[in-house]
C-alpha cells in the first residue's frame, strides 16, 4: 500500500492497519489524528512521539498482549512473526527449549510476555538477551519492552507502506572489538542507562552480534534527551565464558548526549586493558 | 627512639607514646598487648589490623578529637602538625580562608573535624579534597577519615622509631595522563569504592598531584579484601575547569582485586577518549 | 549494456568498449581472451589479474595517456570525466589554479599526467593528494598511478554493464579519529607501503575524507599478497595545520596481511598519544 | 676516594684512576684538563661531553680493548667486572656457552669485543641483546657500544668517588605492558634510532626487564639533540616466542624530542592492538 492509498482508506480500515502494527488502542487513536500525513518521515516521527510521550504503562502493556510468544510454534506462523522472528527458525531444539523455559519464567516474573525485535538476531543472542532482561526490575523492563515494541512497530509500518524506507539508524550505537583476539567481541550483553532525575533507568538492552555491534539499540529515529547516559558491557562474562582471566568484571562508560547527533560509543577490550572514544 | 628502647619503657610511658600517634584508647590498649615486637614490619601490621578489624566508629571518632584543625594557626604549631601539614604553610591567605570555611562546614555536617594526611599535599589539593569529602554521607566519610588517621598514625610511628622505615606503598595506586595535553592530569578528584555485600562503600579519596598520581590512596601496608572495586575520576570537572568540552562527565573503572599484590589502575584521558589497563 | 549483449558484440566493437575503460592495448587484448565471461565478478577478477600481473610499466603508462587532466576544463567535459571528477567542479578558482599548477609540476617530474580516481574526492583532498604524490620517486608513483587507473577502470566497467554492481570494498581500509577533538581526523595523508623483497614500495596513497576514512585505498577486489605492510599517517601536518603541538611527526603502523580477508587499520590520535588495533 | 682527595692527586696517579674507568687515552687526557672539578655533576657532564663530542671512532675502539669479555671466566675476576657482570654469574652453563659463542661471532664480525653495561641485566637479557646487536652494521654498532662504554664509565666514576651519586636517569625511557596478559612485556628487544641528516642511526639498544622496562637506555645525564627519534619494539618475536599470533611484526613509534626534558615512551601491547603516549 502507498501512503496516499492509505490516506484514502476509511477510518475503520486505516485504524485496523495501524492496530496490526502496534496493538495499543490509544496509540492507534492518536495516530489517526495525524492522518493524512505527507511523508514517511513525518509518520515515523509522529509514531515515535506518541508512543514515548503520550502513551503510558497501561498502553504499552496492552500492546504486549497482541504478540506471539517467541518459540511458540503456532504463533510463529502468524502474520509478521514468520519473518520478524526468523532468527529462531534455525535454532536447535535445545535453544528453543531454553527460550521457551526462560519465556515462561519471564512471563511469571513480569506478568507479560517477552517482547523483542527479533529482526537480525540469532536464537543464541535472543536467549542471552531474554536471560539478561529477566534480571531487571519491572519498571526498567517495561521501559525496555516498550522500546522493543516500537522497533517492531516501525518495521511493520515500513512493510505496510511500500513507498518509504527508514534511512535513520539508532542514535546511540556501539561496537566491541577484542584486541587480544583480533576479532569482534560477540555475544556481549550491553545496557544503555539514562541518569534520570533521581535514578538510573535502563532504557535499552542488547547483545553484540557477530560483528561486535548492537545495531538496533534504540528504535530508528528515536532521539534521546540531552543528559548523562551510561553503557554497561558485560565483559567479565565474555571472558569467563572463554575461561580467560580478566581484570574487569564489567565495563561502564558514562558519557554525555549533547544534541540529536549520532553517538557511537565503541569499546576496545583486552583482558587487562580497555579503551573507548567517541566514534563516528 | 629505637624499637628495643621502646620495648624497655614502662607500660605507662609506652602507652603515652602510642597515644601521641593515634588518640584512640582502645587502639593503644590493644597495641600494648603486641609489645615487645621484634620488627617494624610486625608493628605496622599489628597497628593496621587492630585499627581496621578491632576498632570501630567510636574508637575512630575518639582519635579524631585529638587532632589540630587544618588551617587553625594555633594548632599547626603543636607537636607533629608543623611538619605533617607543611603544605598548608605556603598557601595563600585566600586558600587558608577557604580551608577554614570548608572546615567549619565539614565539622557542622559530620560532627567531627576534617582528618587528612597532609604529607605531600599542597593546600590546593587539600582544599579540593575537603570539598569533595564534604559531599559524602557520614558512614562513608567516617571510613575515609579513619583511613587518613591511619596514614597519620603510620607516619608518626615511623618518626617515633628511628630505626625503621616503611618500604611498602599503597596497594592500589593510580596515575592520570592527559594525552591531548601531553602532561599529567593534575588536581583530579579520585575515589576508591568497594563493592561490599549490599552497597558500594567509598574507602579512600584523593586528588592527583602534579605528577598525576595519588601516591597514598591507601595507608602503606593495608591489604584490601579480594573483591570488586571501582575507581572514579572526576575528569569532567578537570576539563570544565579548563573550559574544554569533554564527552565524559566522569570515568569509572570497575576492577577486581584477586590477591595481596600491588594494583596500579592508570587512566589515559583525552576529551573524547580514554584508556585504562592494569599497570605495574 | 548487459553482460550478455556485450558477449554478443563483434570483436572490434567489444574491444572498443573495453578500451574506453582502460587505454592499454595489452590489457584490452588479454581481456578479449576472457570473453565471453559468465558474471560481473569473474570479469572484475580477470580485469584485475591482467592489470596487476600481466601488464607492466609500458602498458600502464600507455593507459595514462588516454586521460583528461584534472582541472583542464576542456577535458572535464569529455566522456566519463564529467562525473568521475565531479569533486573538482565545485572547487574554488584558487584551488583549481593550485591543482593546475601542481599538475604541471607533476607532469614535468614524472613525464605523465596525474591519474587519480576522483570519485568521491573533494578538490581539496585531490590537491593534497597530488602534492603528496609529487614527492614520490618515479617507480613508486607509477605503481600508485596504475592502481588509480584500475579504480577508474572498474568504475567504468560498472557503468558499462548495467547489470552488475561491485559489492567488494578495498581490502585494506582505515579510519582516523581525533580523540582530543571528538571528531574524525580529516585531510590526513595516508600511504600504504609494502615490504617487497629488497625495499619498501608505496602501493597506494590517499587523504582522509570528512568522515576520517580513505574508502578506496585499493581498487575493489584487489587482493594483496600476504606479507608485511605499513600504513603511514601524516599526523604531524594535521596538527601543525591547526597550530597544535604534537609528539609524533607522523604515525607508522606496520602490520601483517595473512590472507584475503578484509584488514581495517584504524588510528585513534591525540596530540600526545595514539592507539591502533585490527578493526572489523 | 673523595672528589677533593682526587683533586689533590698528582697528575699521573689521577690519570691512572680515570684510565681505569675508561680506557681511551684521549678521553683521559681531555678529562685531566677539567680537574679540579667542583662537583660530581660537573664531572659527569664533562665526562659525557668529551666522550660524545670530542672523541671519535678511534678513541671509542681503543676503550673497548680494555675490557674483559663477558662469559670469559678469567676476565670476570678482574677489577670491576666481578660486580658489573653479576648477571652472568647466575646463568646456566647453557646460556654461558651461548653467550661465549655469540661473543665470538660478534668479535669476528665487528673486530672488537661486545661491550655492554651489564649492571642489572640477567644473562638471558644479555644474550638477547648480544644477538640483536650482532645484526647491526658496524657504524651503528660502534655508536651503540660507545654508549654502553659510557654507562660503564659512569658507574666506575660513581664507585671511584665515594661522595657522589647519580640522581639522573636515562633521558629516554620506556615501559612495555602486555594488556592481554596483564603483566609487563619482558625480554622485548628495543632500539632507539635517531633521524640524522641523511639516515636513521641506531643510538641505543636494550631488552625489557622483568618489569617491562629498559631503565638504562641512555647513559644517565646524556641529553639528546632535539629532533626526530624512533623507538622500535620487537613485539612480533615476543608473541611468536609464546606461540601467539600477532598482527604486528614489530612496533615503531616515531616521536620528537623538543628539549632536555625526560621523555617516557611507553607501549601498551596486545596481539591485535597497541597504544602509546607521552608518559611522565
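A, B, C and D are the chain letters, set down in written order, and residue numbers restart from 1 in every chain.
By definition in this document, a contact is a pair of C-beta atoms (placed from the backbone, for glycine too) under 8 Å apart; a residue touches a chain by one contact, two chains touch by 3 or more.
Since we're looking at a predicted model, the values are computed, not measured.
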Counting one step per pair of touching chains, how few steps separate subunit A from subunit C? 1
Top of the farthest list for subunit B, CA-centroid basis, is C
Is the contact between copies subunit B and subunit C built from the same residues on both sides or from different ones, judged by whether over half of the numbers are shared? same
Between subunit B and subunit D, what distance separates the C-alpha centroids? Give it in angstrom. 40
Take the average of all CA coordinates in subunit A, do the same for subunit D, and state the distance between these two points in whole angstrom. 59
Inter-centroid spacing, subunit D versus subunit C (mean Cα positions, whole Å): 45
Listing for subunit C: what residues touch at least two other chains? 177, 179, 182-183, 247, 268, 272-273, 275, 277-278
Can you list the subunit C residues touching subunit B in their complex? 177-183, 245, 247, 268, 270-273, 275
Per the touch rule, the subunit B residues reaching subunit D in their complex are 177, 179, 182-184, 211-212, 268, 275, 277-280
Interfacial residue positions of subunit D with respect to subunit C in the complex: 228, 246-256, 272-278
